[in-house]
Every structure is written in structure tokens, then in C-alpha cells.
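Scroll down for the structure; my scribbles are underneath it.
Order of writing sets the chain letters: A, B and C. Residues in each chain are counted from 1.
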Amino acid sequence: MQMYSLMKQLFPICRSITGAGVRETLAILQAEHLSGLNITSVPSGTECLDWTVPPEWSISAARITDESGKTWVDFADNNLHLMGYSVPTDAWLTPAELDAHLYSLPDLPDAIPYVTSYYAPRWGFCVPHSLRERMRQHTGKFHAVIDSDLKDGALNYGELLIAGESNSEVLLSTYICHPSMANDNLSGPVAAVKLAKWLLERPRRLSYRVLFIPETIGSIVYLSRHLDALREHVVAGYVLTCCGDERTWSFLPSRRGDTLADRAARHVLKHMNVNVTEYSFLTRGSDERNWCSPLVDLPVASIMRSKYGTFPEYHTSMDDLSLVTPRGLMESFEAYRRCLEIFENNGVWTTACVGEPQLGKRGLYPTVSQVGSAEGRVRNIKNILSYCDGADLLTVADTIGVPFSECLEIVGVLEQAGLLARQNK
Amino acid sequence: MQMYSLMKQLFPICRSITGAGVRETLAILQAEHLSGLNITSVPSGTECLDWTVPPEWSISAARITDESGKTWVDFADNNLHLMGYSVPTDAWLTPAELDAHLYSLPDLPDAIPYVTSYYAPRWGFCVPHSLRERMRQHTGKFHAVIDSDLKDGALNYGELLIAGESNSEVLLSTYICHPSMANDNLSGPVAAVKLAKWLLERPRRLSYRVLFIPETIGSIVYLSRHLDALREHVVAGYVLTCCGDERTWSFLPSRRGDTLADRAARHVLKHMNVNVTEYSFLTRGSDERNWCSPLVDLPVASIMRSKYGTFPEYHTSMDDLSLVTPRGLMESFEAYRRCLEIFENNGVWTTACVGEPQLGKRGLYPTVSQVGSAEGRVRNIKNILSYCDGADLLTVADTIGVPFSECLEIVGVLEQAGLLARQNK
Amino acid sequence: MQMYSLMKQLFPICRSITGAGVRETLAILQAEHLSGLNITSVPSGTECLDWTVPPEWSISAARITDESGKTWVDFADNNLHLMGYSVPTDAWLTPAELDAHLYSLPDLPDAIPYVTSYYAPRWGFCVPHSLRERMRQHTGKFHAVIDSDLKDGALNYGELLIAGESNSEVLLSTYICHPSMANDNLSGPVAAVKLAKWLLERPRRLSYRVLFIPETIGSIVYLSRHLDALREHVVAGYVLTCCGDERTWSFLPSRRGDTLADRAARHVLKHMNVNVTEYSFLTRGSDERNWCSPLVDLPVASIMRSKYGTFPEYHTSMDDLSLVTPRGLMESFEAYRRCLEIFENNGVWTTACVGEPQLGKRGLYPTVSQVGSAEGRVRNIKNILSYCDGADLLTVADTIGVPFSECLEIVGVLEQAGLLARQNK
């Protein structure tokens, strides 16, 4: 399964926090990739914690024309042209009157910004600033038509439960509510699909809960129904977003900052030998806002490439398929995959051996002792034996500065040799 | 009430650890500013902890003349000319004999040093080094006359208790035992008077104990009488001294270093955006020596401008009214005032809301969501909600990097909105 | 007793982990320096923890000659020429056949490397790389003769118990198994002898356990017999090795890293004002591998000069008597001696005095108070009084930045003055 191909397939769909676009997206994931995906429908008006599920928004067409019949802006060209949740309109306006309904970015004059107004009735068009300036010069009137609909319907989300031996769970949360944008946000769902498929192909110690939700309201709705289960079972989790470009790496820790999810992510990124900017939780912006809120307090962090809010194309039409690359996606998948491998395999190993064991008689130490003979793998073996004193293997790996995967392989050898035993698997 | 004017009024009085100067100073404070000031008198010879209250020192006149009748040094010109607690004398001496009783500073040849000998009988004159060198050249004898008196009397101190709702107290300690010097030390008492008047003008959650004492022996005497009350009630405190010049800011932490007094002071100084030198408690030099001693262990720190011992004019006649400025005093008052506002308003607020609340429906979040709409005040609101999980507001303010006063205002709004509630006020 | 002379005396002896060389070395120490040294003999084949005591190795002669009778390599010239634990041989070989039994260092072409094969039967010669290259050019055959013997015998070690008032112990461990090398390792045993003699000359609060053991197998054997005693009594310890050259200082902390042994060593090195490289425990290489292993976990660190593995001459014939100096040894002895003085004298002193005591009446404070009168020793006295609040004196010394010895002297004065009292000696 190619992440980039899936992204291309999903890109044109006009998604919002409710409506046909979300359903179409979830249907593709379920039909073509994750047959176990459970799609839930929550009626508009449902009270969820401090929120209410909003009406469902449908949009058929939207355009701005002039008296000559010329089309200035057409939703059919780019679904970002319409402010999300715009109410219907059909009005002739002067350029000045229309301008109050236009949104643009003076610093990025060719980009169409992404703007929404979910919870206040309003309509608007999002346009390149260069176009807006030309529209301001127009001498006649404009005809703004929005053929949209806001009525009781449903909010939809997808949920995939992947059972493992234990009911301890890893939460993988991503959102499917943005229209045609790539790094933020289709990179997240396609990486989540790839991770889910990877998990389904092998035996698992832990269970996994993979969520495809509309951002913010989706996590609120989910919390309103599953708070106790999440608090009881989730041992680590990530919000998957902005993981598709190749320009940099970003890490957003959980609110607590030192949970298993944080430690695994920092470990993996360190041993990928990449430059990483570690952001403060104060700069959070996605569903960790809810997953990590005081009374929920889940161990949820985020490994990203160019973080939302920090790259110039963020929330504009320039965050397109040229920004995200197959390699960028693959590297992000790999980083997350390594974190999952840590969760699957982490544990506490201890020794019953007083003093160092005799490694030589087990073929684990060179029989000729000379300068340098205790370096490299031999040194790692000794260091693992020395620090397996009650700490989990991830801590040992960090202490001795060796990748978890390499430590795990050595621990396996030492377990075989009877020198280490796993505690309370 | 102008701090600088009060300082000018108090400057000429010849103070020492006992005697008329202290009484005159306290009488002015009581009569003109703090009518509730309680002035206590402790008889000479009273045993206090490891110390004994010394005899009371009175001084009428002191001068050095020569055979020609020329006056070389006269206490009437500057009360620093006489070593504090000098015993009476009336003697004709050669220049060499007199020189053994002279004190001067070779590096500051025009300054009169401040020297005392409270606990060993001795007499001496303090002179500019340039004058001392001329006196050494004198060919005749000198006549040194000191008309002083050391006899049983009393040690006096002033104490103002400002009651609040709670019997938890803030200790504000300053000393009134130095003769004519400004930064060290009249800046401390005048700032303490201003803070006391400010406190008296408004309702108070906490109680305040403002002390005007002779340094060292005053805090010993006070501890000997109020140790249990101080240990039981004091939640924070400061020694007010050296807070009058404009040259720099200094912070001396308490012995423990992380008490509420320390945290508030560091917070306030940080958000005043000034350069601050944080000294080690190892360099302490005022009554925190007693307030923070092992068996007392109060949370008492000190915010200063140019710290005692670090500025060239320290303990000389050059620490005069030109060194201290109205602005320097006012800024120091402001720093301390902000600390008191923290003590008054700090507390623990928690939320009952699972997940982020919907701020938009309460007018606390913009209804149009676009790039940057979650910054500034909105970001601060969200960060406060996220970190109000059991920590006090000062900790939250430090965590999110926002001034306490701004956090407090937001907490008030969120309390009004039913989103935060104060725990155990 | 001169450490350097003893080293010269011991240098020529061919030591290994067993055999006559170890016995001869221990006999010299016992006969000439430490009459209380207890020499233990453990039979070959004894099972010790995960190990077995190996056969005893004896060596009479070893050489390589050629058909012309010319001697190319002779063990009689340098005992490093023979790989330790070489099995007997008497064979004519081509240069290529012989080369498989040669060990050399291309980067140090004039040095003979130190190589052993304790636990796998093998024979070999260690030669300068320049000689090896000439031997490869030789056209005839070589005659390799090793007159060695591997048979049941014993492993020997020396142990000196120096009793003190308390049964709390300091462990001083050094190894005596290397042939003719100086920094690694004769510097360790000679420093241990000097420290033991120094201890024997004075009263002691603590007890001391000084071990002269073959490295690795010696600490295993010792642990197999004394684990409980060590775990119960040892409060601090050091492995003495590589303490003879003058080039640098090295510190290897214990596994825990903050034990009394670590804190004392760091304190002493800091106040010696020398440059010290602090290594990670991950780079350990001597018997702390066993003393600090998880189920043993003793507080054992190591103060070294040029650490094993880090200096070019390490484990070669160039680590000879010219590398180590009397001054280098003496400075190392001094560093360790100061650590022992800390162990002997450390304790908790507290005051019963509320507030600062009046130092002046006890002659501990100048009676004239002027700028600078509270500095230096007076400041140290006050700082000690302020921090003696339950922390041990080493912690107080580190907090106030004053050498332990100076603090101890001041504490003595304050104890005399009734201002401090030692808790639970």
C-alpha cells in the first residue's frame, strides 16, 4: 500500500467536520484498506461534554460572478475557496460589500487560505490576495452564490480496534476533516492506515485503537463515550499529523512530557540521527489538546515533520501534493513504527547472576584479550547486564546510548543464555 | 506619601542599634505615616537567645582639634565621623597615637567609612583617607573629645501588624540602625512604609508583619519573643534593604531557595524585563541571617537594587541622597508590590470540564478559525485551562510564561464562566 | 616507604592471574610492608559464582629461534613477549605459520603488546610490529619453544583487614596480575600499600579492607566468599589503578554515580584545582565491573591519572617505569588520602542555637565592624553554621564551596564553643 497514492486519491474530496466528504473518505479507507474500520454516526444536536454536535454541512456549488457573466471565484476549482460551514447566499454586492466576506493572505498573495466558521452562521470566500486586490478595483457588482445546506445530520468518525494479548492499549489518533491539503492533514490519515496495516500483519502484545476523527469535536465526542476505557487502558499514544514533508522533524511532547510515548519518540528520533525541533506542549494545536487535558491526561505526543503553524504553506492551497513526498511519508511511518516496536517489546529484565557472568564460555566474549577486545558489541552486552537492575529496557537503552532494537536483540541472546529473565511480562 | 521625601527627612538623624536616633526615627514613622506602629522597648542586659541587649549609646558631641584650636574632625559635620558605640574620651595624643583610633579607606580617599564596635569598648574617628594623611603630617598634638555615654537603657523596635482574613502572614523586615546613609539603609524603611500604607488601603487575604528593627540584634530580640508565631504563620517574607538606586537589580534567595518568596520574586523580576543578578545565599548579609537560620528557617528573601557589599559607596558617606532616586525607590516598591499581589491572589484553581471547553460559545474564542486565530490571549486561556491541574497559579504562570497578573485576570474570567473553581481558598 | 622504589622492585616479576609471579609479589608486600596481609589460596577448579578458577600457569622459558640458531624473540628479555597462559609448544614453522601466533600493533611498531588467553588453550608471541615485518621476510623456518605448564594449582590473593572503631568499611581494591607494566598496573598496588601503611599509623573510626587480587577472576572469587559482608559493611570504596603518571586526572564514578565514594572523590579533585576528565561508568574496565554489578551494587569508584584504554602506551611494553613518576604516584596517594580523611571525619553536626550565635563574644568575629570584616574565615564560619541543618559535612562543604579539611577544622572550633554537636557519631 502506497501512502502517497492514497493521499492523491483522497486529496480532491471536500471534507469538513461533518458531511459527505468525511463519509466518502472513511468509506474509501474501510473498503480498500481497513475492512475492520468501524464507522460511527453521531446525530447533530447530541450533547457531548461541554459541546454540542453541530448541524451537518452540505455544499453543492459556490461561485462569484459579475454582471458580464465572468466567473471570478469557483468552488469547483478549489474547495478551499469556500469558508467551511458557509451558510447559503445568493446576493448582488458592491466590491466593498463583498470584500467583507473575503479572506486572503497579504504575505502569500497567490495562496488561498483555509478558513472555517463552524459555530457561528456566516459565509465567506477565500481567495488569493492578488485576486482580491483586482476584485476591489472592479467597477460593477458581484454575484455571490453559495448553494449550501446546514441541517440536522450526523458527525462521523472511524475507529479500528486491533486486539493484542494485553488490553493495555496504544492510541493512534488522526483527523479527517480538512479539505484539499496534504501535510496538514492527509499525511496523518495515510500514515495511520499504513501503521494499522503493519500492525494487522503480525502478532501483538498490546492492543491498538486507531481513530480517524474530525479534529477537536471528534475527540470531544470520542471522549464523551470512551473516557473511562481510555484512562484505564492507554499506555501511550500519538496524534498523527503533518508527517509528510521532508524538510525537518518536530516533536511535540505530551502535557506531562516524560511519558512512555515521549520517551519512545525521543529515543527513536535520536537514533535516526536527524535534526529535531522539540516544541513545548504550550504550542500544541491538535487533538492532544483534549487527550492531554487535565481530567483526561493521556500519554499522547506527536512526531511531526514541519509542524502545523510553522511552515509558510500551512492552512493554504500551497499545502498540496507537491509539498509532501513518498520519502517524507515513509520516514515518518518508520519513526512511528519504531515507537510501536518499543511499546511491543519494552519490559524489565533482571539478572540472577552475582558479579559479571563469564561471557567467554558462552561465546559472547573474545577469548584473546587485547587492546580493544572489550569494545563494540561486547561493551554493549556488558552495559546491558550492568544496567538491567529494575529499569525498563528503554531506560537501559537510553542510559547506555544504544538503539532499543539493538538492545532488544542482545537481551534476547542473554535470555537464551540464561543470564537475563523478563519480569512480569 | 513620597518615599524620597521621607528619606530626606530621616537622613540627618544619627541612628545606631540603640539610642535616641532610633526612637526619633520610629516616632516620625508612627506620627506621620503608620499610626498603628507598635514601638517596643527592651531593657539593656536582657538575655535574648545567644545574645544580650547591649547598653544604650548616647552621643552629644565629638571632635578632634589641635593646639591652635583648629577643628580637624567634627561629628556635627557628619555623624559617620564617629565610630558607632565609641566610649567617651578626652585626650591629647600625638599624631601616631591618634592614628591608631582613625579609620579610613585608602581606595576611596574622600569617603568617610561607616565603622562600629558594638560589643567591645573602644573609641575611634572615621575620616577621609586624604585627611588622615594630612593629620599624620601634623607636628603638634591632637585633642580628641568624645562626649558619649554608654549606660543601661533600652533597645527599641517598631512592629506593625496588618490583619487580613487569614492568619497566614507575610513578613516584611527592615532595619533602622544606620546613621546617615541612603541605599544601605534608608531605602529599606521608606519602601516598607510605602508598602504598609498600600496594604492598609485595601482588603487583604493575608496578614502582614512589618518590622523596623536594629539589624542583627533586632532580629535576635524579635525571634526570642516571637519564634513560634513566626514559624507557624509566615508563608513568605522579604528583608527590605538597598532598594533605592537605579543601577541594577539584585536577588538574594532564601536559604532553601525555592520558597514562595523566592518564586514570587523571580517571577516578578523576570516579567519586569530587567537585568537581575541572582546572588547565592552564601553572600547574605542582613537579617535573613537570622530569619533563615537552621532552627528558624523562614521563607525570607531579598529583592535589591545594588546589593550591600557590591557597590563602591557601600558603608561610606558617599552612600548619600544623590545615590538613591525617587524612580529607583518607586521601581523597587513596584517589584515588592507585585510580589504581595501574588501572595494575596495565589491559589489552586481546577476545572471540572473533561476535554477542552467550547470557548467560542462563551465569546472567548474567535468564531472564524484561520491562521493565527488561536494565538495571544486565546492561547493563554487554553494554556491556563490545560495546566490548572493541581498546581498553584504562580506555578501555572511560570509554566506558561505569562505574568501572574495576566493569568489572574484570565482565571477570573474563566471562574465567571464556570470553567475554573478555586480550591480551599 | 617509597612507592616508586617498590614499583621498581616488583616490575620485573612475571605475573599472571595465577602462578609464581602473583605469589612472589604478595610475599614481598607481606614480608616488607604489610605484615598483616593475609594470603589466600583457592584451588584450580573451584566453582565461583558463574566462573571456575582456572588451572595454574607456570612459565620457565619461551623463545623463537631460526635454523641458524639466531634468537629472534626471547621471553627472558621481556615477559610481555609471551601471550599470557600460552600452552607449551615446540615446533618448527614457516614464517606464515608462525605469523598466525604473533601479536603486534601496527600503530605502535616498537611496542610489545600485552595479550592473554586465560580461558581458551592457545599459544602466541607478542612482538614489535617492526620485528614482525622482518620475520615475515625471513626465508627459512622458525623454531618456537614455549616451556610452560598448565595444571591444577591455585589462585592467590592478599587481603588486609584494618579494624577501626566501627565495622563500617572502606574497600580499597587493586590487582596484581599484570606482568611488567607500570601505570596499568603496578601504580595501583604500590599506592594501596602506601595508603594501608598510612592508615595503620593512626586511630581509625572506620574499618578498611584492602585487596590485592588478580583482576576480574579475583573479584569474582572474593565476591563468592564475602558478598554478604561487603554488602553489609562497605560504605565507600575505590579501585586503585592507573594512578602513576603525571599527565592528567581521570575519574570513573560508581554505577550509581552519587555515592559517598563519588562525592568524596569529586570534592577532593575539585579542591586540588586540577583538570579532571570525568568518564561515564559505561567506560569502566576494572573490578568495579563486579563490585558495582546489579546484585552487588557497592559504592566503588576510581580516581586515576591517565585512565586505562586512553593513553597510547596502555597494555604495551611502553607502559614502563619511565611513564610513572614518584610525583605522579605521590599526588594520587594524596588524592586518595584526602578521600579517606573525608570518610573518617564526615558526619552530621547540628546546632541548638536559634538565630545566629554571637560569634564576637567567643573571639570568632572581629569586634570592629567595617567593610570586609565578615569575609574569609568569618564568612565560612557563618556559612557552616547556616547549613549544618541535617546535611553531612561533605554536603555542607560542597554547598559552601570550601575544602572539607577547612570545614572540619572550623566545625571543631564550633564544637568546642558549644555551637555545634555531632549527631550519632
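As a convention for this text, contacts are C-beta pairs under 8 Å (C-beta built on N, C-alpha and C of every residue); 3 or more make two chains touch, one makes a residue touch a chain.
All values reported here derive from a predicted model rather than from experimental measurement.
In the contact between chain B and chain C, the residue numbers used by both copies make up under half of all numbers at that interface. Bringing chain A onto chain C by least-squares fit of CA atoms involves turning it by 120°, to the nearest 5.
We define each chain's centre as the mean of its Cα atoms; on that basis chain B and chain C are separated by 55 Å.
Touching two or more other chains at once is no residue of chain A.
Residues 350-358, 360-361, 367-371, 374, 379, 382-383, 385-389, 400-401 of chain B are the ones that touch chain A when the two sit in their complex. By the touch criterion stated above, chain B contacts chain C in their complex at residues 49-51, 83, 103, 105, 113-120, 122, 124, 216, 219-220, 223-224, 227, 255, 281-282, 285, 289-290, 292-297, 309, 314-316.
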